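A, B, C, D and E label the chains in the order they appear, each numbered from 1.
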Amino acid sequence: MVVTVIGIIRAHNLFAVVMLGGVYSFLMATVLVILDAVDVSMTEAAVGAGISSVLLLAVLHLVRMREAPLRHTPVIPMIVCLLTGGALVYGTVDLPPFGEAGGPQNQHVAPYYIENAEHETHSPNIVTAVLASYRGYDTLGEVTVIFTAGIGVLVLLAARRRREDDEDEQKGGAA
Amino acid sequence: MRDTIILRVVVKLLLPAILIFALYVQFHGDYGPGGGFQAGVAAAAAIILYGMIFGIPAAKQVVPPSVVFVMIPLGVLIYAGTGVAGLLLGDNFLDYSPLGSKPVYGQHLGILIVEFGVLVTVSSTMLAIFYAFGGRADEADAAEEARKDGEGGS
Amino acid sequence: MTMFAVATIAVLVTIAMVLLRALLGPSLFDRVLAGNTVGTLAVLTLALIGFVTGRPEFLDIAILYTLLNLIGTIAVLRYFKMADPVNPEQAKE
Amino acid sequence: MDMIVDIASWVLLVAGGIFCLIGGIGMLRMPDMFTRLHAASIIDTLGMGFIVLGMILQAGFTLVAAKLIIIAALILLTSPVATHALAQAALHAGILPKLKHDETDGHIAGEDGSSKS
Amino acid sequence: MSTILADLNYWVTVFLLVGGLYIVVAHGNMIKKLVGLSIFQTSVYLLFISPGKILGGTAPILDDKYTLYSNPLPHVLILTAIVVGVATIALGLALVVRIHESYGTIEDDDLTDLESDT
């Protein structure tokens, strides 16, 4: 399913690319539900299909451009990607098998969370409990990152507007 | 897009539904899937929808940029302030246990407040970013139309 | 249980077909239409999967999908309108 | 009683699945964009409606059924709107339906010009 | 056969990762690069989530009816990662807009030409 979408995403029309990106996001969210990650899927759907496609489309609207054809044949990137892929596939052999309760990744702190989240925080949704309580530092840092990114975007986009106003005033003065 | 009455009416009908759904996701996040991030994004999406149909200026009347700019740091402050409150009440930073009469209630309350902080920051940041990009797009539209009019007139 | 599985398979096959249309789609509007339909079908898939796995309380996600689907489609139409006047793909139609 | 409900939801779910498949085939085989809209609306209304009805029958009289009804109502509200906007935008962008003879007498072109001004 | 099934998720992840990497490396258009970046990120989400799934387990929302739950920890990590990801993309888009304003293009190769000209 996901493979299909990915195989397609090399269209040249940028609008088509963004559209397929949105569709891909929906499918990805469905896969995440199958993998039991309900909260993650909700966020992925909202963020991937909703917000980021709106932003990408707004920027496309501003920029108005089709992708230029590639100038050189992408041999080197191809080789790099194939090498990386080969190395990663080789690496997967050692990863724990899919779906086993006894895998090392499920032994560390997760059982503690599952057992104790209910009576320590009164919150049946373990994800929320861990997110806000046990790993509060992570989330605080993450909120700060969003805050910083918002400020960054505002600075980048507002700076020019002021300059443009100045130019307008100058033009007005000159006229 | 501006002159389609069907879109306007349906969006007006849907807007409160999306906002209420966002609140439901926010405060039901303890019991079902959901939480601050999802609710924040959904609430921002509602305003973004409004802004896309009725134009950014109309959306800016609903949620003025000044409010948005205050809300972005406010969310971070709520979050950090909850942590500091725990610190002042004699526990570790971001430990909510002393907030309630019993540690369990304190934890629950702390989670709610913190999620609210996340909601405020996420939704207002998304809105601010949308205002920045969408405002640009609208300006470009206006410039384009002005140019077309000028060409038509000349 | 089996009935939900049957319906899920039907919906998945449909998603595959609609995706093919999204890939082929001569004009951009075909792709948007296919995207919208995939959104609806994803909602159905989610609800059905909820029943198959026996935890149907996750319909909240499906509701969110429905709303975002509309937003995505409208965003495309809103910002596409005068983006690319000379579109060779449309000229083919 | 359970038996009847089960049979009914079997029928509804299978019917919904068949309608979805028909819509998918239509999406692939229809010749131009406006006819594909019809195929898509089959999925959005009949396919979705039957499948959701089948699920409601299985869910019984619970909160789940209420949520399913909300989903159905939202889809029935939003998807025609999206389709309408889509068709309108396509017309404005200059894609015309494939017709045997031109029945529009240039109305569409006229609308196009007037609404853009 | 069982190893193939066991590793299928990882292989899909690897494919997504390589696809995203290819888009980022090989394509010159910056918006396309950003889309590729988001696909790359998605593959990382999948890589984290899929080991956490336990066959037969359900989503980590406690209920009396179930005893086996999937691992909630990767969900938390990825939840934050997604929102950070959208913040990154927004920042990248802002940069793209500025670059387009300053140079009139968002193609990598054109930008290189412009720089070598000056």
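Structure notes:
Quick note on the criterion: a residue touches a chain if its C-beta (ideal position, glycine included) is under 8 Å from a C-beta of that chain, and two chains touch if they have at least 3 such contacts.
Since the structure is predicted, the reported quantities are computational estimates derived from the model, not experimental observations.
Under the contact definition, chain A and chain B share the contacting chains C, E.
Touching chain B and chain D together: C. Per-pair counts of C-beta contacts peak for the chains A-E.
The centroid of the Cα atoms in chain A and the matching centroid in chain D are 30 Å apart.
In whole angstrom, the spacing between the mean C-alpha positions of chain C and chain D is 11. Here the spacing of chain B and chain E, counted between their Cα centres, is 24 Å.
Multi-chain contact residues of chain C (touching two or more other chains): 15-16, 32, 34, 57-58, 60-61, 63-64, 67-71, 74-75, 77-81.
Of all residues in chain E, those that touch two or more other chains are 58-59, 61, 79, 82-83, 86-87, 90, 93-94, 97.
In chain D, the residues that reach two or more other chains under the touch definition are 74, 78, 81, 85, 89.
Pairwise, the chains that touch each other are A-B, A-C, A-E, B-C, B-D, B-E, C-D, C-E. Of all residues in chain E, only 3, 5-12, 14-19, 21-23, 25-29, 31-32, 34-35, 38-39, 42, 45-46, 49-55, 57-63, 68-80, 82-91, 93-98, 100-101, 105-107, 109-110 touch chain A in the complex they form. Those residues of chain B whose C-beta lies close enough to touch chain A in the complex are 25, 29-35, 37-38, 41-42, 44-45, 48, 52, 72-73, 75-76, 79-80, 83, 94, 96, 103-105, 107-108, 110-111, 114-115, 117-118, 121-122, 124-126, 128-130, 132-134, 136-137, 140. Looking at the complex, you find that chain C touches chain D at residues 3-4, 6-7, 9-11, 13-18, 20-21, 27, 29-30, 32-34, 36-37, 40-41, 43-44, 47-48, 51, 56-57, 59-60, 62-63, 66-67, 69-70, 73-74, 77, 80-81, 90, 93. Residue ranges on chain B touching chain E, taken from their complex, read 31-33, 35, 37, 122, 125-126, 129, 132-133, 136.
Of all the residues in chain A, the ones that touch chain E in their complex are 2-3, 6-7, 9-10, 14, 17-18, 21, 24-25, 28, 31-32, 35-40, 43-44, 47-48, 51-52, 55-56, 59-60, 62-63, 65, 67-68, 70-71, 74, 77-78, 80-82, 84-85, 88-89, 92-93, 95-101, 103, 105-106, 108-110, 113-114, 117-118, 124-127, 130-131, 135, 138-139, 142, 145-146, 148-150, 152-153, 156-157, 160.
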